[in-house]
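Structures for review follow.
Each of the next two complexes has subunit A plus one more chain, namely subunit B in the first and subunit C in the second.
The block that comes next holds the complex of A and B.
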């Protein structure tokens, strides 16, 4: 599994996303630029320039027409992927830490930071796709259609469940909550992780019936979107920044490492800068991939399950296309199941 | 009364528990202040009733007894006379000091005066306090006899059918006791939060687990680790068991302040640092002010910083009959147990004494018939007198062997575990005091006249030395001069010594081999001998753990043929940040651990076999302490042990069978569990799918509602064409040559 090393960023990576076809990879980092890459060979397709601060988050619309980014310059921007133009800027009072398109692409959620007297919010924006040919993308509503304010503990990450039926958010205090995206009501709140251990990532399975959370408490949890039941727990020995569910094979990939600010005081072997593979159903660790020399900040899996990419504090993105061995690996019980 | 240690509940051991304000203790204090003046008075009851005329005679007779414990006079004895002209059978006596009054109560109470009369002596204050009106019921109520409660068997862990060992694990705020299950996860026996405040310690035979709290020491035992004994030494910091678990020594830097109403500690313990306890009764035997090392004559009571604690302050003889303490440079005080009286009423004056060690086993010297315990001590050079290592026989206090040494800068005494040898490690300096060398002088204690053998001088300083338990071989580690402030750890050499083969007795000690260029500093012998672990601990860059076999069953190296050893390195392991290494009591397993007490990197413990095969790695957050539970000595006689050894093959077959069976069971269990988990998962997925398609139907969504094409105004430029093949044409220049034509 030889990685393709993408070195286009000057500072640490914050988020990477494959598009639905898996031929493109978008990455954002603290250096204010969005990069788009061909996943097949790692060639850079281009950049989207315009943000004035570190970019925290990126998401691609399901039809790969619009790219959304959220930044420390308190804006959410929409970009025309094809042309690279910025088609819309929304201003928020605080930094935007997470954006996510709903499964049908008609809505975008934005998680805003709690700062300077403003409470953390989740804003829902309606997205229009112009004339259907990629033109007139700039005719977007100016105001969010919904605002959910987090009074208890600020949301750090959020995403959409199947059918866009729920908004699921992970909080700073380690809890996970479920909101109704029509009314903004909180339907459920579960203390999934250890108290006061921030949830750093939420990613959904392909069918969006379940999702995985990665937390500072050194564990990742697989939860059902419908009732927020904890289905599986994956325990690591280091704080986790990102977790992803693989398609095709029943694995999950976790990434993390000693927090960047602590790294200098500990030895290199302490860092644990590896991507860890766990079996999704049996919760066993089945492998690790080394390579980064800083903590892994973000991981995303190719929608077809044939590759994954990781972005690190070290400023590199690594794309790994899986080998045959990866697909062949199977537990005896799974093999039996298959034969039946 | 404030809650005493006796009545402490589980919660009281936790500091965070807020105690309710209890004013009764304040009241108590005030009460005491009022009648403080009566501290010196005692009431004597049980005296004969005599006519007034013979009162004087009785007082005189009584005084003889009373003056044995303190000072009092005829004037200070008040014996009231009744209307009938005879004494009442009691008297009030005033002593010079309260201490004397206390001594009188302690020593004279219950002492017979003559055949008919027995004295009962009480403090006046006590009579005041306890006998005050209303405090005593008029009618006698028989105390309720407590129902006999079966106590837990204190050695129940020895009955484990698989002869597994237990260990205590202290991490974060929790202490747990576990069964060692080899490569499988350890089985928990108990796990309690805040079980101890400082550390945990097993008693030498494994009967008790001691936890250390600001209130004192608590011993736990039995199958469920219930409370066994308490020793309320406030702010205790160090504890030490006697070798047969009969006694416990506790130490605290803070002198004890005895509060009134404390049921166990008395005024005698006031201002002391060390208490020797009787474990059986839970009562203090005697208490002492600690002597600090190198602090000259100890300033009593005053605690100066940077003074080194001499610990263990009290060293026990192998059979617990004697305990001794050294006053550095002056004397050794030997106390007899169980009454803790000074042997022969005086300390043994030894000018300049620097250190001493008891023989760890009761030795019989050749030609010596009477009972004795041996101790070894040394004194440095004083003036023109040479330094001296001497062996003393106790109780006779006779010096049975001495050896004079010159140019000594330090001496360490190492007894072999059976007391067969003492190795005296002598660090010598040259006349100019510039270069150092080490000599080993080995006393053969059992042989006639205690001959001394000198092992050739080693040029480097010996930093560690260890005898093989129950054997006659030893390992030592030497190191060269290390430059001050060097970042690299000093290189060290590990040397193995064994006696020459010479019939039944051990011949001269000879070097077997020296391994150079190591960084090792720790030697850990298997408790059963033969195997030894040599490791680098507390280092920042080297973490090697070498597993050596001294009796390797294979070809011997030429040149070592006549030595009683065949040295073989079995394995070298690495454990990052290792700080401690401990053998289990049977010599089957070795645990290496990295404690947060030393550093906070990758704390945890690893389990290895005696041969160095790593069975499990257990990274543990905030890991502090790992201690194997010791085992009491075997009950089997030598013959029986031999029998076991002879039939070892038979037994091992059985155990191998059991092991295989256990593995089978475990494998099946894992497969079963996986099957179950997989089926549960598939069922869950099916259910979710059904539910979501139902929902889709209910909302009137088509099956592929999530597809982006259906978003209201989304462009439909995405076609499903399956996997696209990306063709890439790469030009590669294989060779470039330049030709000059002309």
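The block that comes next holds the complex of A and C.
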């Protein structure tokens, strides 16, 4: 496969997201621009300008009408994807580290940083889609409909489970918790990763019944959304920044690498700047894809499972469209199952 | 000088009008259906660059969600506003090809690939060399020859190394070849030099090498067999030192080369004691 290199950012990537149809890819980095790309050929559709600080997070509504971004300038912004206009700005007391749309697109959660005496929170915002034609997108509620305060350990990442029934959050201390998005109560809290090893990413399967976490403790865990049971564990030899579940084939992709501050002291070979592919069921590592010159900060998989993209500390986004060998690989037991 | 009057003033030559202007883009349609697009642009050093692209258009039909189809028509915005359709050079490029084949033992494979990369230089050197068997001249190592047991290459240099590359013997000492070439064989063996008057020296041209001889063969039997074609001066049957059984090859020397050629033609492929003889002219021994 020939990767498509996207060099629209001047600084390291923070998050990339495919939209639900997989034809667009959105990327945010520590420079102040959001970029939208066509995944088929890597053409840039446009940029969304307006943020005053590093952008930590991006998410796209399920109908690809509204884009949400959270930034170190303490704001969450909504953008009209088609025109590039900013339609809404919410101010928060601290930086916003993660935004995520609910499966139906009616709600947006925003994870805020714990800083300057403010505790980390998860805010839930109601999203309106105007007249459905992309007009009047700017009529949004001014205040969050719910605020969950993380008193014990701040949340670093969060997402919505199946049908928006739970909010699942990963914490700085390595625990994963489950919240009720109606009341804001914490329903469960599981120490999934080693204590005090931050969870850097959380991504859901297509049906959102299970999710994968990536942590600084060099492992990724597949967990069920309903009872937070650890289903599978994937161990790597480097701190992980991102993990993603592939559709179509039962793989997971992990990305990481040593911390950016240590990168210059080691060679690229030792840096482990590779995307690691594991088999989702058997937990075996089945291959690596190299290419980045720095740690992989973020990985996302095309919703159809035909491609994946990775964003690195080196400022590049690489889109890889899988070729035949990827789809053909099967374990012997899988082949036997197929014969029956 | 009316000639000059007809010409326009050189200063009016349109090429000099605006040095910063870029020539218009040219599109040429080739016979094979491809298009050649010649465009000009300024590079980072502000130099004019001619870009020639050959484009083959393949129409791929794809059924997509109507929303996706509608999105395709969206205009660019932000930093891309006003840019023409298609990826631009400064943001999008194609990386080098990555071979990604998932496998359970990918670590072992990756290590092997790495090792091969180290060996690569030696491999490249030997790329054009062909392996040639010293027994049957086939394309395999001598040690792997199927006739290894039945045909012994005694008349050739017994260097002991099982594998040897085919190399031109023209070079003398050294000259890129690893094996030693004796002085009388250098320069293709044509160089005169003094020869020791060996006992069978003059018979060399009329000596046959017989291989695939049965283990139970006797010298006298062979002599009777080969005597039919002319006078045989010498029969040599190689025997194992301990068991005294035939090793499977023999040398027959004739007085006359014509007889030898006749015998070679007739007895090559002759069935003898359940085995098919192979008869050929012996090569000059070293």
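By our rule, the second predicted complex is superposed on the first by the 339 of 340 C-alpha atoms of A that agree within 3 Å, B and C clash if a C-alpha of one lies under 4 Å from a C-alpha of the other, contacts with A are read in each partner's own complex, and residues count from 1 in each chain.
We take it that contacts are C-beta pairs under 8 Å (C-beta built on N, C-alpha and C of every residue); 3 or more make two chains touch, one makes a residue touch a chain.
Since the model is a prediction, treat every value here as computed from it, not as a measurement.
Chemist: With both complexes superposed on chain A, which partner does A:41 reach: first (subunit B), second (subunit C), both or neither?
Modeler: both
Chemist: Looking at the overlay, does A:64 come into contact with subunit B only (first), subunit C only (second), both, or neither?
Modeler: both
Chemist: Between subunit B and subunit C, whom does A:7 touch in the aligned arrangement: first, second, both, or neither?
Modeler: second
Chemist: If you stack the two complexes on chain A, which partner ends up touching A:331: first (subunit B), second (subunit C), both, or neither?
Modeler: both
Chemist: Considering only the touch criterion stated at the top, classify A:23 as touching first (subunit B), second (subunit C), both, or neither.
Modeler: Touch partners of A:23: subunit B and subunit C.
Chemist: Tell me the contact category for A:197 with respect to subunit B and subunit C: first, second, both or neither.
Modeler: Touch partners of A:197: none, neither subunit B nor subunit C.
Chemist: Quick check on the superposed pair: does A:248 touch subunit B, subunit C, both, or neither? Answer first, second, both or neither.
Modeler: After superposition on chain A, A:248 lies in contact with neither partner.
Chemist: Going by the contact rule set out at the top, does A:320 touch subunit B (first), subunit C (second), both, or neither?
Modeler: second
Chemist: Please write out, lowest number first, the residues of subunit A touched by both subunit B and subunit C across the two complexes.
Modeler: 21, 23, 41, 63-64, 331.
Chemist: Note which residues of subunit B are touching subunit A in the complex, please.
Modeler: 576, 601-602, 619, 671, 674-675, 677-678, 681-682, 684-685, 688-689, 691-692, 695-696, 699, 701, 705-718, 723-724, 726, 728
Chemist: Using the touch rule from the top, collect the residues of subunit A that touch subunit B in their complex.
Modeler: For subunit A paired with subunit B, touching residues are 20-21, 23, 38, 40-41, 61-65, 103-106, 128-134, 162-163, 165, 207-210, 224, 226, 231, 237, 266-267, 269-270, 281-282, 304, 331-334, 336-337.
Chemist: State the interface residues of subunit C toward subunit A in the complex, per the touch definition above.
Modeler: 64-65, 67-68, 71-72, 74, 76-81, 85-88, 90-104, 106-107, 110
Chemist: Flag every residue of subunit A that touches subunit C in the complex, lowest number first.
Modeler: 1-8, 21, 23-24, 33, 41-49, 63-64, 82-84, 251, 277, 284-291, 318, 320, 322-323, 325-326, 329, 331
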